[in-house]
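Two complexes follow with chain A in common, the first pairing it with chain B and the second with chain C.
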Partner chain A sequence: MEEETHTDAKIRAENGTGSSPRGPGCSLRHFACEQNLLSRPDGSASFLQGDTSVLAGVYGPAEVKVSKEIFNKATLEVILRPKIGLPGVAEKSRERLIRNTCEAVVLGTLHPRTSITVVLQVVSDAGSLLACCLNAACMALVDAGVPMRALFCGVACALDSDGTLVLDPTSKQEKEARAVLTFALDSVERKLLMSSTKGLYSDTELQQCLAAAQAASQHVFRFYRESLQRRYSKS
Partner chain B sequence: MAEPASVAAESLAGSRARAARTVLGQVVLPGEELLLPEQEDAEGPGGAVERPLSLNARACSRVRVVCGPGLRRCGDRLLVTKCGRLRHKEPGSGSGGGVYWVDSQQKRYVPVKGDHVIGIVTAKSGDIFKVDVGGSEPASLSYLSFEGATKRNRPNVQVGDLIYGQFVVANKDMEPEMVCIDSCGRANGMGVIGQDGLLFKVTLGLIRKLLAPDCEIIQEVGKLYPLEIVFGMNGRIWVKAKTIQQTLILANILEACEHMTSDQRKQIFSRLAES
Partner chain C sequence: MAAGFKTVEPLEYYRRFLKENCRPDGRELGEFRTTTVNIGSISTADGSALVKLGNTTVICGVKAEFAAPSTDAPDKGYVVPNVDLPPLCSSRFRSGPPGEEAQVASQFIADVIENSQIIQKEDLCISPGKLVWVLYCDLICLDYDGNILDACTFALLAALKNVQLPEVTINEETALAEVNLKKKSYLNIRTHPVATSFAVFDDTLLIVDPTGEEEHLATGTLTIVMDEEGKLCCLHKPGMFPPLQS
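Let's look at the complex of A and B:
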């Protein structure tokens, strides 16, 4: 009874600054997205980036406990479960980052005193996990019909010891990098919604990573559009 | 030596707002802005267009456009908040610019005033029944909102009963309230739904499709077996046929209708009609 829309898109993004002395262009890994695959949640999506895969389910707007309700907007909760083991502090901090991104985008004032819950399950982790979680959360929110003022996407990049910029790094590249930066960008004006960085980098390098992420997000949003058009063309 | 980051930013095509008329029937995404008809002339190609100042004030030529589900007003444009196909309906009586809305596929119901829904009574507290309608909070139903109900003559409603009623109060700030009478005080089909039968849940889009005026599915289903059927706008359908087997067949057909094309449906109906 579930409608499955499997969209494959091979996307290559070239780094805009071709004259840079820092090595060849960067590319994003192969994307795939499937919506409405779970029957119980109001919206669900599975997002694949290369070998990294995250499954997201959204429940809402639903009942909320009186202790957690906010009088003028919806209470947004994010639950992230790792592939093995119990969720720890790292998951908690990622949940907060994803929650802050979603709160900036979801129109919570339309559903006061309700709760919108996003549950993310890591199916496989091969680098750029936070970016993949953000993408899966966005697709699941769209599938559930939660009103949003824009779409958002996550893009990760890693900086090598000699300053090479790699978009959408694998776990091996992340380990060897001197800095890993993850950005969440919105779809209207490619504005920065959230950034989470780890490692050593300079001011100019930050600006370059941000610019590269903004260019790459174009491809992600195009993929969203194609995937949603494919879904609605079947009905 | 710093590479200007603005180079990359300029190459990103900032999505210009498109005219609503050109996007009708296409899939729109949250975050897109749509221009209403009378604003299209103002947005000339490439910025400032010189127009002679007209003495005849054209500001009064604004038409009143109704913003339906999935759209919100944002300045003098429409902002899309849900993903789906953009639809438009011309005004019937000539005044106003019609209604624009987004046809989206959803499972979760949000109470809307005037909608007829099927609810399940979950609690009885004093003079009020609490009815679960599938939204974020249970709706309240007073015992006096039934046809012929008075303080002495109370309706026979127990916890667990199915109720077909409509919302009189349904907004984001208040608890939804429903009644089982219309504005003239008559039941008009509303009230407690009888014994037996089967209640099941489908998506909201399927309900709207089945309740459309020219839906063939219901006519074909009616030719198969004699049946009673109640549609709730909250995604719930109650079905009753002569035997349990027929009821289950009907429930399965209606659930599957969402994903079948009309040819597949006709095949299934003809196979069932033979057996």
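Let's look at the complex of A and C:
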């Protein structure tokens, strides 16, 4: 059963403090999410952010190798496949980031000695790739019915040379930016679950980016809720 | 008696210390372990450094070689870091291809080099479009007792400061490179990034420079890399683990 949800999520999130020399509005790109599109995995989702698209599949809770089993909780594994070429060290690093974010929210203790595998395939990369991967992983985990204590979302922001903040940057904006920061936030208290940054920035800029990301995450979570409501109301 | 309690309930044992604002090895929550640096110990490498943070020992060796630059950056050299966590340093690592921890650490060091602009890659250019230096930085952990990222960053910085590159001229007639080993110069290190790792306990307490056991018991870790001007080069927060009880 395929449910396609296109919710136009073009939002203007104002950065409140009038003293900073930032632009007046920050907007996220158009979102789209499709769930249950693959037949083999227990859960799957495809998440689109502008032109960036990631396909995620979740298998689990399933059988685990004895060498990898943990006696009191589920073993979480994340596999990230780039669009071209073989996975390298950068993919391993991203897999670790996504895996730790998922481990913080998934209730692994309900399924001890099992494995939950999240497989992510990059379909197209037009900026904010890690954030899109996080969103796709979350939607796929929900589709698979894996018990979680909260949902999580990924938000990326770029800082250019004069300090202007741009949320959900395109690949052109990322290249020209002085720093690109990606955050994973949880849905209950907007707590910071994971952060990965590139480039040089000051700590006040970090606080401002984090605040902007937390404001933007509200819209992402609202999009999750609407897309899930639309999916389950028809059945 | 205390050893038995430590084996059965390691987290509770640790919490007793944290309540008194100290740690089992006697340090304060914000105190680093004794740090020792030994520079230039490997004579066969162009630059080397050995760093000890308490028991954690990392050695960095830098070798410089020639390479042809890529066509989209003809005046930029390369800095290639590689972190190796051999079975020697800890029982959790097996021999074979690099595990996840080693790959994540290598990527982290590559990010620090890239973000902090520790070396201007244009300084490594000998002849634009034809010949550049490539610095292979090999970091090997000899003893793993937590806080590997801080030790690696420190060892890398110390080794790069120790690197001496010979003068190279391109002979006009033969188009071959002539290396003058008698005339060596140090690299131009532009910034000095310093990494600080924290372990988060019970979502409230932050302790600095965690040992191997503390990293294992913590709910999460956080590494911040700053340069001298106070700018952040890297904020590496690879997620929080849920508390052991729930």
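Everything below uses one rule, namely that the second predicted complex is superposed on the first by the 215 of 235 C-alpha atoms of A that agree within 3 Å, B and C clash if a C-alpha of one lies under 4 Å from a C-alpha of the other, contacts with A are read in each partner's own complex, and residues count from 1 in each chain.
Rule of thumb we're sticking to: a residue touches a chain if its C-beta (ideal position, glycine included) is under 8 Å from a C-beta of that chain, and two chains touch if they have at least 3 such contacts.
Please read all numbers here as calculations on a predicted model, not as lab measurements.
Asks: Contact-wise, after the overlay, does A:His111 reach chain B, chain C, both or neither (first, second, both, neither)?
Replies: first
Asks: If we overlay the two complexes on their shared chain A, which of chain B and chain C does A:Asp42 touch? Say first, second, both or neither.
Replies: A:Asp42: touches chain B, not chain C.
Asks: Of the partners chain B and chain C, which touch A:Leu228 in the superposed model: first, second, both, neither?
Replies: Only chain B; A:Leu228 stays clear of chain C.
Asks: With both structures fitted on chain A, tell me whether chain B or chain C touches more of chain A's residues.
Replies: It is B that touches the greater number of chain A residues.
Asks: Looking at the overlay, what does A:Lys172 touch: chain B (first), chain C (second), both, or neither?
Replies: neither
Asks: Looking at A:Met194 after the superposition, I want to know if it touches chain B, chain C, both of them or none. Which is it: first, second, both, neither?
Replies: second
Asks: Quick one: is A:Ala212 in contact with chain B, with chain C, with both, or with neither? Answer first, second, both or neither.
Replies: In the superposed model, A:Ala212 contacts chain B only, not chain C.
Asks: Could you look at A:Val89 and tell me whether it touches chain B, chain C, both or neither (first, second, both, neither)?
Replies: second
Asks: Is A:Pro61 touching the first partner chain B, the second partner chain C, both, or neither of them?
Replies: Touch partner of A:Pro61: chain B, not chain C.
Asks: Report for A:Arg149: first if it touches chain B alone, second if chain C alone, otherwise both or neither.
Replies: A:Arg149 contacts both chain B and chain C.
Asks: Shared contact residues on chain A, chain B side and chain C side combined as an intersection?
Replies: Comparing the two interfaces on chain A, one with chain B and one with chain C, the shared residues are 149.
Asks: If you look only at chain A, which of its residues touch chain C in the complex?
Replies: 89-90, 92-93, 95-97, 99-101, 103-105, 108-109, 149, 181, 184, 192-203, 206
Asks: For the complex, which residues does chain B have touching chain A?
Replies: Interface residues on chain B, with respect to chain A: 1-3, 5, 7-9, 11-12, 14-15, 27, 29-31, 70, 72, 79, 81-85, 104-108, 110, 135-137, 172-173, 205, 255-256, 258-259.
Asks: Can you list the residues on chain A that touch chain B in the complex?
Replies: Touching chain B from chain A are residues 1, 3, 16-17, 20, 36, 42-43, 60-64, 107, 110-115, 142, 144-145, 147-151, 186-190, 204, 207-208, 210-212, 214-215, 218, 224-225, 228-229, 232-233, 235.
Asks: Using the touch definition up top, name the residues of chain C that touch chain A in the complex.
Replies: Result: residues 100, 103-104, 106-108, 110-111, 114-117, 220, 227, 230-242, 246 of chain C touch chain A.
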